């Protein structure tokens, strides 16, 4: 059986989650490997959420937030940008493939873009193969 | 142990077509703590809702999971079902298997598998949910309006007419703002005073408006619905409760100072009213110009005042008012163009800025409405220079928006009042507005000369020393123009009031790079700010004309009304709180919060959160290294549990 | 110019005595003798008579800023601070953990300090490439000039050059040895949380027993918590009983932060820690 | 003259790639052309040059050589366009295609063959010094960078000598470059020959590195500007006027000679003023000279007029009536000054030329601030002032 990656999405309520809904409303098709957790703002994402997701067996993690400047909470995503950038650097220095963790700004009107990013990311993770480094074997 | 009910919706075929809903319900029944799991055609229909309500009672459910469309669609609907059944509404979880599952795949196996994973996550999260209660607070029914220009006047009157009590704070001794300085308004050329002074008078007369001139906001406490605003009444040295506005004092006063109202073109007395139609029409003493304050002798005003209203001992006083909402309408200043040495403002007497020219046209102005130069002569040639400091990276990048139109108005008035030749030096003519293009055409036909090229330099004429020359390129012909004129009018950049930064700090408003107040959303919330309950109107937000300002003022009044019309309001329940036992006093939360909700309690040595200000974004929780902050409804363990569930299958 | 440790010790004693006698401070954080010459220990002088117990030699590597947060706010403290230590002081001031006006910083310009376990000089590894304190009230020696300047990040080259599998294996091996004694966080001047996230049960961020996944969670999260705050004193690594080179990871994160945000930790008391700050024009490239 | 044209965007693209990226920002308001000193007196129009560049229109050749890179337009541009970069890029693109005016061919040729614009023998670069002054050796405080113009142009060798004497009086350890160096290349870069510029620069940098040079003094603001902006940041460059003003303030140089009521005005060289933001130092020096009445021209400091010598203008022939230096001389004389002081060898050359063609060389003298200061220190360089102009 071919490898079906597990992808965790974490999306902010106001932009990316709404954009993902729009992708549905407009019936855009994308792979079903992504499972989205809704948070109110991308700034809610604790770096440990990401580390934990990989330990729980996620093959890839995609974070979505409002475009910088459009944050529902004004500046939340500007903090998130810095904090998640550091998270990414830590993962990479620990030895993880850089492609497994990705942050994208997707607005509520960009259903198309949400679908596109998910398609592309899923392909990328499929190519990288299963994530075994962090995963805690049961 | 919780008792969870799972309700899977078919949404007709919308879901059922690509998710095997009955299989999903059967799967749900196998998950921990799930005591009942059902599927139904339309869960949001009345029978669907009744089924949930019935099962809550029948199965003594303490958690409900609805597996249906996006929470953005029906979360509220189902929350009401829970509330009606005696269950806390925050114990509801929605699993989005329509927008994010059934509609985005054609493969029923894939759809079903993903739905199961999502549901698994939801069950794990639901077990950890806690009931939340929104705090309900009383709402102060009054409104504060800051700034007594046309925006503030309009907003105050609109609100007062609905029966709400309004405090209108103005830092000057009269209301009216810049509009009261104008003679005519574009494009209709109706008299500014004729349309404004009745409104000013209504403010004074209105039983619901408390007019606070010579006042400034000095402290803001509280939050939406419950602001405590401290207002400083600056000493006027005239007891306005006694003064009968006979103005005998202003006649006798020997003290002189430049008239701010007339843009420094003339002098006024030390005890004065700024202009004849000022509201209130009672004088104040300018301490810096008063002979008594300077030399300790004089008191002429006191001698002539029959009402005994003069009070040299008066001090600043402070009062606190309670309001539910605030409208900020603090207006604008013109950029100080002296820094642009190439235009010679402040150096050549023939160079004027736009507001000075407004005063020259005004019949109550320094020249009685005659257009004369500082030496009393009538100008023979006049150049109006657009975009001075606006649209300019070295100064202000924004377009000041009204200059094109007022420059046309000036041209018209110059033509009407003098026999001068009038030239406009412009980059682009911007006449987008009702009747504006027509006005532009009218001015062209009045034989005003339009030179398409930004004025580059103003200098003294070499041949006629009392005249000026304007240098520019006419970019249409590519010719260098050296134009002898008697008068140059600069249209300077419109910028926020010098003290806008203080106002921003007081009300916790964000500003753009130049200090204009930021709206919450440029399109969908143009009058709201990041501070709940504080609204903005007029040029303090960005340059705009009078019609737009008035429209904004009405809009801001309506926005404020939506708050103060209620007696009580519910605060956000999904706020953050600090667990003091874990707080390490790093104060990261205090540093990052866009709303200023967290604060450091020095006495206890821990951070605390003012829940009334919290909007529930969760930023503070993620920057809290010892996880001492609990972001309600999105707690660390809730999110982790959901992730665990999602990634299990 | 050679460093005279005796001179520094002498100056330290003189200043400490003056400060305690005048009542300007209620305690002086310095070094005292351990079980032998080569193992000095942190020492708190509270009375002028304690001053005689103060020592200073090349093994006084401990970062005394660690102890600043142990005293009630507003305690007047004098602290002996080498270059990296002074950056810790600055960082703590930025974080409002201590107030500038409550501190007398006794700056020690020095190089050639030695790891008390190995005797090896620490200059190129864990001093942030600095010899002189960035903040002080009194300098206990002449500023050091003319020492070969090395980038604090030079030692990273070998690790950055590894491919990701090698690096993963390296850290698996190193972090896998962790016995979860938490000496690293005890020694760290920036680890002042109590309780630490890893000690919590709700949520349980990671296993508490010394096995790989829990170790990884603890250390990676700690690296994040110290991002933009670690001042490269190297105390975590020297404190580690199993000699895990934690300083390498901290250094890498510090380097990335400096590159991305243009600010190194603890250099200026007016700075705001980079991860509780932002610039509107931060580039999205940092996420790539 | 109406004709149909088609935008040729490949050309516009080429200009942007050559460093004229700022083309995109311009909104054609005419501030540059309204500010440009050339617009009133020649057909050169800087706005049109940019416009033609934006659309890649034919006919750009008519405009490309008029700019003297005085930076007045750049300072005023509301869009922050680096207009000089555009001019340089356009010249680079077109002169690459062989379109170089006749007068500039000798200039470029000399730079290419001899490493200086004056067709001077490279080996005789230091002849002006007559072995009186030292060549730089490692360990010295400063390299005194002698501009090609002060080495080879007879009038300007006086400036070189004056500067050398002042350096000696100030007591600094200094040396001039060995003949291994060549022109700084500033004007050449503005003329558009980026390739040759890089060659000249590399040779100079090799010399700087080999000698371990860290501090450089220039008398030409052109060398100053290009060293500080185009040569990297490995060394510190300063214009002599700044040091002289500092030394006077420190009391190291004390003017003695009373000039007895001499009226002096000062012309800000574009490359010292607008390019390098040095306005006060030369004025401070002049004001401190005993018996000098200092007067300003109307256009001074940030608003100073250009002499026309920058951007290759020094080597380009201009018709009478189209010379900025003539206008500037008239403006200077209008103040009643009998000495026009400046601080740039290019300005000196341009103005001396104008005083002769206007036939006013008896009424106004052109002096470098350095020369005036040396005179007030009562040191004369061993050469009569009078006949220096003869070439």
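Before moving on, here are some points about what is shown:
Read from first to last, the chains carry the letters A, B, C and D; within each, the first residue is number 1.
Here, a contact is a pair of C-beta atoms (placed from the backbone, for glycine too) under 8 Å apart; a residue touches a chain by one contact, two chains touch by 3 or more.
Since this is a predicted model, take the numbers as computed values, not measurements.
In this structure, the chain pairs A-B and B-D differ in their number of contacting C-beta pairs, and the larger number is found at A-B.
Taking each chain's centre as the mean of its C-alpha atoms, chain B lies 52 Å from chain D. Rounded to whole angstrom units, the spacing between the C-alpha centres of chain A and chain B is 35. In this assembly, the C-alpha centroid of chain A lies 57 Å from the C-alpha centroid of chain D. The residues of chain D never reach two or more other chains; the list is empty. In chain A, the residues that touch at least two other chains are 47, 52, 75, 79, 83. In chain B, 592, 623, 627, 636, 640 are the positions where the chain touches two or more neighbouring chains simultaneously. Inter-chain contacts, as defined above, occur between A-B, A-C, B-C, B-D. Residue ranges on chain B touching chain D, taken from their complex, read 341-342, 387, 391-395, 427, 452-457, 459, 471-475, 478, 480, 482. Contact residues on chain A toward chain C in their complex (touch as defined above): 47-48, 51-52, 55, 68-69, 75, 78-79, 81-97, 102-103, 105, 133-134, 136. Within the complex formed with chain C, the chain B residues making contact are 582, 584-588, 591-592, 600, 602, 605, 623, 625-627, 635-637, 640. Within the complex formed with chain B, the chain D residues making contact are 27-31, 33-35, 39-40, 45, 47-48, 76-80, 298, 302-303. Within the complex formed with chain A, the chain B residues making contact are 70-72, 96, 98-101, 103-107, 110-111, 113-114, 117-118, 121, 510, 530, 574, 592, 594, 615-619, 621-623, 627, 631, 634, 636, 639-640, 642-644, 646-648.
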